[in-house]
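What follows is one structure encoded as structure tokens, with my remarks underneath.
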Amino acid sequence: MQDDEAALAADTPIAPLDLLVILRHPPHGSSWLREGVDVALVAAAFGQSVGLLFQGDGVFALVEGQRAGPLGQKGTHAQLAMLEMYDIERLWVSASALRARGLTPADLMLPVQLLEADALERLVHAQPHTLLF
Amino acid sequence: MLSYALLVHAAPYSEQGALSALRFAQAAVAQGHRVSSVFFYRDGVHNASTLMAPPQDEVHLAEGWRALAQEHGTELLVCIAASLRRGLMNAEEGVRHGREAHNLEPPFVLTGLGQLVDAMQANDRVITFAP
Amino acid sequence: MMLHLLNRSPQFDGLYWDLSEAFGADDHLLLIEDACYAALPAAAASLAAFGGRVSVLSEDAESRGLLGRLSDDVALVDMAGFVALTATFPHSLSWF
Amino acid sequence: MLSYALLVHAAPYSEQGALSALRFAQAAVAQGHRVSSVFFYRDGVHNASTLMAPPQDEVHLAEGWRALAQEHGTELLVCIAASLRRGLMNAEEGVRHGREAHNLEPPFVLTGLGQLVDAMQANDRVITFAP
Amino acid sequence: MQDDEAALAADTPIAPLDLLVILRHPPHGSSWLREGVDVALVAAAFGQSVGLLFQGDGVFALVEGQRAGPLGQKGTHAQLAMLEMYDIERLWVSASALRARGLTPADLMLPVQLLEADALERLVHAQPHTLLF
Amino acid sequence: MMLHLLNRSPQFDGLYWDLSEAFGADDHLLLIEDACYAALPAAAASLAAFGGRVSVLSEDAESRGLLGRLSDDVALVDMAGFVALTATFPHSLSWF
């Protein structure tokens, strides 16, 4: 699924987007993730350039093979599958968060760019608007 | 066959806990147990709102609880102190507080924490579902 | 004999610690909701205190895409099994 | 003098975040800043309830927000999607959903997430208050 | 302030109460603690024997010198000061929780009994009804 | 230059870790609500990544009984100072 598994090199410039959404909460157990992605989708629908950064338990949102829960809890995987349709193609993942959870990009449902701490710091500081969920 | 009381702290739709509680209650009665009462506390009180209007493709939690009450006689007890500050009130409290509306109706019943204490004594099991 | 219910991810390690203080030799731990992530092999340290007396709710693990990824020493139980555990153990305590 | 938008995720009375947001807003206007809008999202939508009835010796959060709107022209924007599933609706939505009551009134306004996106662009600062 | 700072000895029997309330959340930042103590007070008012166990950040509820917050947030210290009036006199504290936070019984507003993990486990298992907040 | 707002106790160490990954050399961290407990000397490890660029909201520390107990290298700011920090730093990010 990966078109670029390499960590962002230290000298790669990071272009500012209109909005960066950081997703730290795991999917399913609460609606943080879903309601965070909703903001990203709406901003994109309004023509903004939007990127997502998955940190902490937020990386679990990308695990392949998720499905709706019992009683029709929708989860977020279907929402994430729509990102490309909304031109949200910049998906960053904290490399340390992924490692700590025993996951690799091959476990994820979408291609992502891994960020070590230095690059993650540069990404966040390059953005004019960031929201965290 | 055991009698259960459930204690629900989880807000509807914000956290999975309310759904887990409803699933558990349905599974318990399916196995022949009795779910005597569900006590809603903290943000769990919002499970009782008559104004809840989730999207059609999502579970309607308040409907789920009402069905449990109607089909299995489960008491739906809602902490009055937790409710009033969070914006849940029945018709009587609406009048008392001079409001023109209310958003809690039977089978949900506003009650005090004493009912939780009673439910703990009166049932074989008490299971808590939290955010 | 006590059944402990846990619903938070291993990120809440203070919670796991507090639970471990109260956990007895004949107790059992059921992982539900986001606690399913504790059943991943990478989170084994978070369950070390519970000595294999751990189950995970299958429907919550399944919705999260975790079936087939879980530690071998964590048992899968369905919702009927969850109810059965609460019936078997005279006391339940929820940690969150 | 800067213009601020606040984003409030915190439920009233359950967490301190809603109080912190109100305190911050009051302090910001006291320093001559403008708080153009407060956007209520997730469980923060309950801040808008007309049925909130806290004990007399506690802060009335909805009153606090209304005072901010009346005295300083702050827009009180409430996410409609987050509200409906959690049991917050205005008169118009009440009619649309066939309910006899409603629990959201001006100066609180139901609106879409697009207004949050607009508020982020239109203000110098966006500060989030969460549970 | 202490009448008994010693940890519970391994062979001390623990009598069952009608209700044990475990308090794990810190005060002020949320209402978990306040609404948990409310349950304890109501049970005691109904004539039940009630004990409190402070674990994790719950030990912060006992820190001396707390006051109401701005805007009249009440906190829980006033509530805790009423415990004795309700005959709630069995207050247990996780010794490890207190140590981890750099606190000693002298920092606390009420006399408590410290419990090491073994005694804490025995306490919890001796109770017919336990609620956690 | 970024102002980071944090409102959870050091128990949430995954949160502190994630924040530290995003924290820059010219950034500042303001502890509010239950994050005040991070300013206790016993929690110094939780703030090590932020190199002394840390303040705590005085009214939240005071209500918790923490004044006089805080680490020397954490600055006290009142609510007006909180507003001033958000004015000084062009961007703010809340962690919770």
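The first chain written gets the first letter, and so on, giving A, B, C, D, E and F; residue counts start at 1 in each chain.
By definition in this document, a residue touches a chain if its C-beta (ideal position, glycine included) is under 8 Å from a C-beta of that chain, and two chains touch if they have at least 3 such contacts.
All of these numbers come straight from a predicted model, not from anything done at the bench.
Chains that touch both chain A and chain B are the following: C, D.
Summarising the inter-chain layout, the chain whose CA centre lies farthest from the centre of chain E is A.
Among the pairs A-D and D-F, the greater number of C-beta contacts is found at D-F. Here chain B and chain D face each other with the same set of residues for the most part; over half of the interface numbers are shared between them. We define each chain's centre as the mean of its Cα atoms; on that basis chain B and chain E are separated by 28 Å.
Measuring from the averaged C-alpha position of chain B to that of chain C gives a distance of 25 Å.
The multi-chain contact residues of chain A, meaning those touching 2 or more other chains, are 28-31, 56-57, 69-70, 73, 132. Multi-chain contact residues of chain C (touching two or more other chains) are listed as 7, 11, 14-15, 33-34, 59-60, 79, 93-94, 96. Residue positions of chain D touching 2 or more other chains: 13-14, 16, 23, 42, 58, 126, 128, 131. Chain pairs that touch one another: A-B, A-C, A-D, A-F, B-C, B-D, B-E, C-E, C-F, D-E, D-F, E-F.
Partner chain E is touched in their complex by these residues of chain B: 7, 41-42, 81-82, 112-114, 116-117, 120-121, 126, 128.
Considering their complex, residues 2, 4, 9, 16-17, 20, 23-24, 27-28, 30-31, 33, 125-131 of chain B touch chain C. Those residues of chain E that touch chain F in the complex are listed here as 26-30, 56-57, 60, 63-70, 73, 75, 77, 100-103. Remark: chain E residues 28-31, 69-74 touch chain D in the complex. On the side of chain C, the complex with chain B involves touching residues 5, 7, 32-34, 59-60, 79-80, 82-84, 86-87, 92-94, 96.
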